[in-house]
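First chain A sits with chain B, and in the next complex the same chain sits with chain C.
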Partner chain A sequence: MGSIRDKVAIIGMGCTKFGERWDASGEDLIVEAVKEALEDANIELKDVEAAWMGLFYPHISLGPQGMPLSTTLKLPFIPVTRVENACASGTEAVRGAAYAVAAGVCDVALAVGVEKLKDIGFGGLPERNMPAVEGAGRFFFSTVSAPGAFAQMATRYFAKYEIPPDKGKEILARISVKSHEAGALNPKAHLRRRITVEEAVKAPIVAWPLGLYDCCGVSDGAAAAILVPAEKAKEYRDDPIYIKALQVAISSGEELMYNWDGVHVEPTVRAAQRAYKEAGIENPRKELDLLELHDCFSITELVTYEDIGVSPRGRAPEDVMSGFFDLKGEMPCQPDGGLKCFGHPIGASGIRMMYEIYKQLQGKAGERQKQGRCELGLTHNLGGFPFRATIGISILGAHKG
Partner chain B sequence: MVGIVSFGAYIPWYRISRKLLAQAWGWLSPPGVPGEKAVANYDEDSVTMAVSAGVDCITGIDREAIDGVYLATTSPPFKERENAEIVATALDLRPEIHTADFASTMKAGTAALISAYNAVKAGTARNVLVCAADCRLGKAGSPYEAQFGDAAAAVLVGEKDVAAEIKAFHTISHDFPDFWRTYWDDYERSWEDRFIREEAYAKFVPEAMSAALKKAGLEPKDIAKVCYPALFAREYMAIARRMGFEPNQLQPHMLDTVGNAGAAWPLLILVAALEEAKPGDRILMASYGNGSDAFVFEVTDAVTDVQSRIKGVKKHLESKKELTNYEKYLVFRELTPVEYGIRAQDTGITPLTEQWRKRRALFALVGTRCKRCGLPQFPPQRICVNPECNAWDEMEPYRFSDKKGVIFSFTEDHLAFHRVPPAIYGIIDFEGGGRWIFDFADVEPGMCKVGMTVVMTFRRKMVDKERGVITYFWKATPRLAE
Partner chain C sequence: MGSIRDKVAIIGMGCTKFGERWDASGEDLIVEAVKEALEDANIELKDVEAAWMGLFYPHISLGPQGMPLSTTLKLPFIPVTRVENACASGTEAVRGAAYAVAAGVCDVALAVGVEKLKDIGFGGLPERNMPAVEGAGRFFFSTVSAPGAFAQMATRYFAKYEIPPDKGKEILARISVKSHEAGALNPKAHLRRRITVEEAVKAPIVAWPLGLYDCCGVSDGAAAAILVPAEKAKEYRDDPIYIKALQVAISSGEELMYNWDGVHVEPTVRAAQRAYKEAGIENPRKELDLLELHDCFSITELVTYEDIGVSPRGRAPEDVMSGFFDLKGEMPCQPDGGLKCFGHPIGASGIRMMYEIYKQLQGKAGERQKQGRCELGLTHNLGGFPFRATIGISILGAHKG
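Our next item is the complex of A and B:
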């Protein structure tokens, strides 16, 4: 199997303020993110040769095809592709751009992730596009919301590891408290208030056992990345960030129909193993410096620590309680506040995670900057449900190998 | 010998006390009937209850030997689209069978029984399944709201392994203006109850019962149990007295535990009697409604086998949950508009083409089993999901609706749109293999645990009034699962 390692570099990134952007349309979000990325890369839009856009809900605001991106930016008849792999669409957009650059068919590629969620008129994600509501799935699927699908991993995790529900909720709360600490320091985050374990544990239940603070927010936002061949990266800037690995793994269907323990996400395990091989990482717990995980729900983050091989099976709670993943811990996780504080504009999140790793590896994360070694970061982007997931994992590095 | 080969019943989980109804409506109408009544859950209707009673009745019976399904109900969910056929499909019966809806009168259940008897007697069917179910609506605050209870009963009529032979029957039909609903009515209408009681109920029922007894050459003292609806409790006793029945011959009418179950009522009482019957017992049963049908049965040795197999009236009566909130009852029966927010409106078209293609999976919960590795899987697959196998197109049908399962994982979801939140659902592992995610039925918050045993129950899944769509599917329930 080939490898993308050190073939492609990111030379510019942009990320909008995430939140309930009543002031901004989907087009405004695209302009905001791309403008910052172009300025950061110090290039002009006409330098872009091809573009990819991650967008999950075209019916809410922006519409189908690559059209929303090309017509908003007035891209001059270049190839523009909309990609959709649910919540992992952002990582997919970067993968499309990176592969084109690595193939040598494109010298400057643009990847944009965007979602305008807050035009639907109610809280949470839309019912539409849920398997229980849309198309043939409505016949066979149970009622299911995102929190309800992930909550089942928590009931299962508590049962398997014999964790009493009140203790389990405390562990999950600790994950969210840590992310809010970081989010409070980030002007681009949606939710910027610190919370306590007690607040989180006592919050109203959304889907048992997950309460309000176990769930990420629902936001509008966009993020963008500009990719070039690695060997040309220094022509654009002194501190480009290199793609060490970019992997996608998607469920075969066996989890929900045959064999799965319900306390992990199999495609994460597969994608992480391939990504480590691609990046040449042997001991992720020792070699990785920071993480941006898909914390759509606190339980997702908990099992992901184990799935990516950073915490041993069943032992992630110990790492949570010891502060290993805190902003000032050994391996900060969600140093920008995560989905927890940014919310989750579906198509944008994967690139928003890379934006934070990019800034951290460049040493430009301000108050949130990881102290000590900061050379290798991992993003983990999850689409779908634990039992039917699309996983995108990227590993970014500060230095070309 | 033609008679009842098997029998079964279904009474919904929820009961509402008439005291609660009186608290809500005492200022409007004086309290009538005492006790409680059975209330179909929000996702149940006459078709789903008929399926549940049918499942109870045909458990352990060879489905290939069933040649007909009759559904009797005055409350069919569909005016056009054969309701009996939905029941037959849900019971995974062959398409080459006779199906028919019997409707419009409380004696529809016994009318279907007569037709089933005639078909078997004529030799045009080996076995005919009669399902009777009702879920009738009285207006909020009306006496009917208090009287009507929701339930279903099923009997399989055949001539092999008969558990209760039909010795005689007699039928009386009148276009009597007792109860009616026109095509524009949702709620029950009736003429003055004194008129119905004295001119119809008090006359037709004993007339039919006396004639049936005479045809069988029997007298009241020869009867072990007599079963007929208690349309008017005092008159019910008076009929028994006039005919010469002792109180211990009366099979409890269940008006105070289930309620007036419409077309299902006489069969429900009969099934309760059969559950307790001894070989040799003679049972007299009569319906009421636009006349009366009366039957005389003689119980055989085969009854004990059926008794040991079914859940019947008794277990369903015992398994109950009191509905302590009258407003929830209004929601169940759609008697009041409820605000569910914009989320509830976010729906799309239901592809009925897919419903047709996948009918056996959807209605009968039939998946596939891989002939190579033996793994059962749902929904039906072309390519085996077992990664060690992955065989292509080597599948055979495999029915999950009659398999027990255990809860693998679950949640109580307050976000997803649900008529009665929270939505409780989760992943079920089937005994013998197979796993899928299902809605749970007849559960309340705090009840579910990982590892709990469940059985499958046929329910409404989704209702789209805008487009006139009701989708049905199977849900998992811990009720009567052990």
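Our next item is the complex of A and C:
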């Protein structure tokens, strides 16, 4: 395996406000995100040579293939490719664009992630045979609901590490409290209200031990990135952000059959290991400055701290309780509020995470800006858990080489 | 725009028998195609570092994301990415793999195209709200059926070039007769029966002037390719095939609004022009040796001859009637039988076309082998016509540089 490290840079990004965007169609969301990205990069749409789009539910969100991007932006016959890898679809769009740039086939590539889930027939937890989400039905719910699957991971985690239920609930609550603290400062977040540990612990249960505040919501949103060859990046701006690693790992289901401990996600471990190798990172806990993890559920974030090697096995709760991942902690996680406050418009989430890392590394995150060293950030997408788990990881850096 | 030319080579390919594969699931088809490709490349599955899969109907064919490939082949956590661009999805899988190899991020990449349409609820011409193909319903049939759309192109072509209906029917029939002649020699084809012009002309009408033999069928199938950096290709085999160009062009719908003549597909023109530039081809009629075009309908093939600049505007009928595109003609088109004899398992078709070009350029096409010079071949995929037309073109060559 070779490496993408320092071959490609991001020179512009855009991200819509996420939420119940009754005011906006999927097409409107694309325009909003791409317009910001173009202005940020100080280029025009006609400069874009090829595009990739992450979109999971084409038939309810926008339509199949690359067409929604082509028609919406009136792209003049340039290649537009739809990529789909469940919840990692946004990361895949950036990966497609990055490889094209690194291959030398285009100098300016656009990656867009988008999903319109509100007001178009998507109901959150679909019935098995609901026509508009038949794909989703088969995908998520063939054996177990998403909250149900992650709830089992939480109870297993409590059992394995001998955490009493009340303490376990408190640890999970603390993760969500931290994310809401950050989201409250972010005008683009869907949910901007601070919550307390007590509120989270006492919230209605969705699937025990996961309560309302342990689960991310469903929302609309889009995000976009403009990529160029790293050596040309400074022609566009003084503070481009460099791609250090882009990795995808997908489960064959095999590892779940034998001796799975139930408290880790093997494809995350594999993708992270490869990403660190690609980026030249030896000690992620010391070298990474901030994280955007796939917190579809609080337990997912907890386990991911360990899977990516930032917290030792079984020790993530200590890091959570000590504030290590708080906005003012040593390694802020979800400095934008995470899926917890943004919801999860599937194709958009991966690029939304990169947007926050990009702004943080440029020192432009305003009230949410990480203090101290802020040079290297990681994003993590997880989809299809457990049987079809697919992971997308990016590592972005402020400096080249 | 840069170029992919001679950066990547194909060292192994596989293709299933296409047809009503009641004997095989989508997973079986994947195994069949990939097994042949691995054996052809003389490598093992564990040598594959990353994979791309072209698949259009995930919820009826196999399942979403890259999972079907990962689970079926038991791939050990390597990246697998689903790409989708309507009928050009197979070409997109090869493009994804090619860019990754050219970017230097992997040394052995797998591209697979697959679709299982028989025996799983896909009915050919779906009703508007048929749940399992709701995406297809919205895609193809929001304004007009596929045969209906192309039938209008045929009547417009007849009118513009003052071709009497009987003569027009004969020209279209001649295209299908030529493809059936080739398909009859191909053990992997679905329909292996020779037909006559009289049979084709008198066949039941689907949408006038298109009759039964002017339309391709629906079938199951899979095809696979293994890609490596061009400079390493001869380590694997003496006769690798080199990628000279890979282009995708997609319509924004704009060109249809104003002054569209109705007898050409603008994204094909754009993709072909870019592909020739990428491959360094100045005169396609003289330099190309054989073609695999997207003959979903006979008229599509006729118009594509002109759109790719092989026949002058309005002169494709002369080339058809003179036998220029016959298996023993100067530039065989559909030497494997085309969509006409293979049917169109959507994600597979683009790679199935490349499989034939690959075998022909290696001189291994048996009874169907082109005589004389056989060094440069073109494949062409068309999807989403008319409003969402997306084109994939590849040019493959027997020699490097």
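Throughout what follows, the second predicted complex is superposed on the first by the 373 of 401 C-alpha atoms of A that agree within 3 Å, B and C clash if a C-alpha of one lies under 4 Å from a C-alpha of the other, contacts with A are read in each partner's own complex, and residues count from 1 in each chain.
In this text, a residue touches a chain if its C-beta (ideal position, glycine included) is under 8 Å from a C-beta of that chain, and two chains touch if they have at least 3 such contacts.
No experiment lies behind these values; they were computed from the predicted model shown.
**Student:** Just checking: does A:V206 make contact with chain B only, chain C only, both, or neither of them? Give me first, second, both or neither.
**Tutor:** first
**Student:** By the touch definition at the top of the document, which applies to A:S70: first (chain B), second (chain C), both, or neither?
**Tutor:** In the superposition, A:S70 contacts chain C only.
**Student:** If you stack the two complexes on chain A, which partner ends up touching A:R95: first (chain B), second (chain C), both, or neither?
**Tutor:** Second partner only, chain C.
**Student:** In the superposed arrangement, which partner chain does A:E254 touch: chain B (first), chain C (second), both, or neither?
**Tutor:** After superposition on chain A, A:E254 lies in contact with both partners, chain B and chain C.
**Student:** Give the label of whichever partner, chain B or chain C, reaches more residues of chain A.
**Tutor:** Looking at chain A, the partner in contact with more of its residues is C.
**Student:** Taking the superposition as given, does A:Q369 touch the first partner, chain B, the second, chain C, both, or neither?
**Tutor:** neither
**Student:** Have a look at where A:S25 lands relative to chain B and chain C in the superposition and call it first, second, both or neither.
**Tutor:** A:S25: touches no partner chain.
**Student:** For chain A, which residues belong to both interfaces, chain B and chain C?
**Tutor:** Dual-contact residues (chain A): 132, 134-135, 138-139, 252-254.
**Student:** Of all residues in chain C, which touch chain A in the complex?
**Tutor:** 1-4, 7, 49-50, 56, 58-59, 63-67, 70-71, 73-86, 92, 95-96, 98-100, 102-107, 129, 131-132, 134-135, 138-139, 247-254, 266-267, 270-271, 383-384, 388, 390
**Student:** Within the complex, which stretch of chain A touches chain B?
**Tutor:** Where chain A meets chain B, its residues are 120-124, 126-128, 130, 132-136, 138-149, 151-153, 155-156, 159, 204-208, 210, 252-254, 256-259, 262, 387.
**Student:** Can you name the residues of chain B that touch chain A in the complex?
**Tutor:** 341-343, 346-348, 350-351, 354-355, 358, 361-362, 375, 377-379, 381, 385-387, 408-418, 422-423, 425-427, 434-439, 445, 450-451, 461-462, 471, 473
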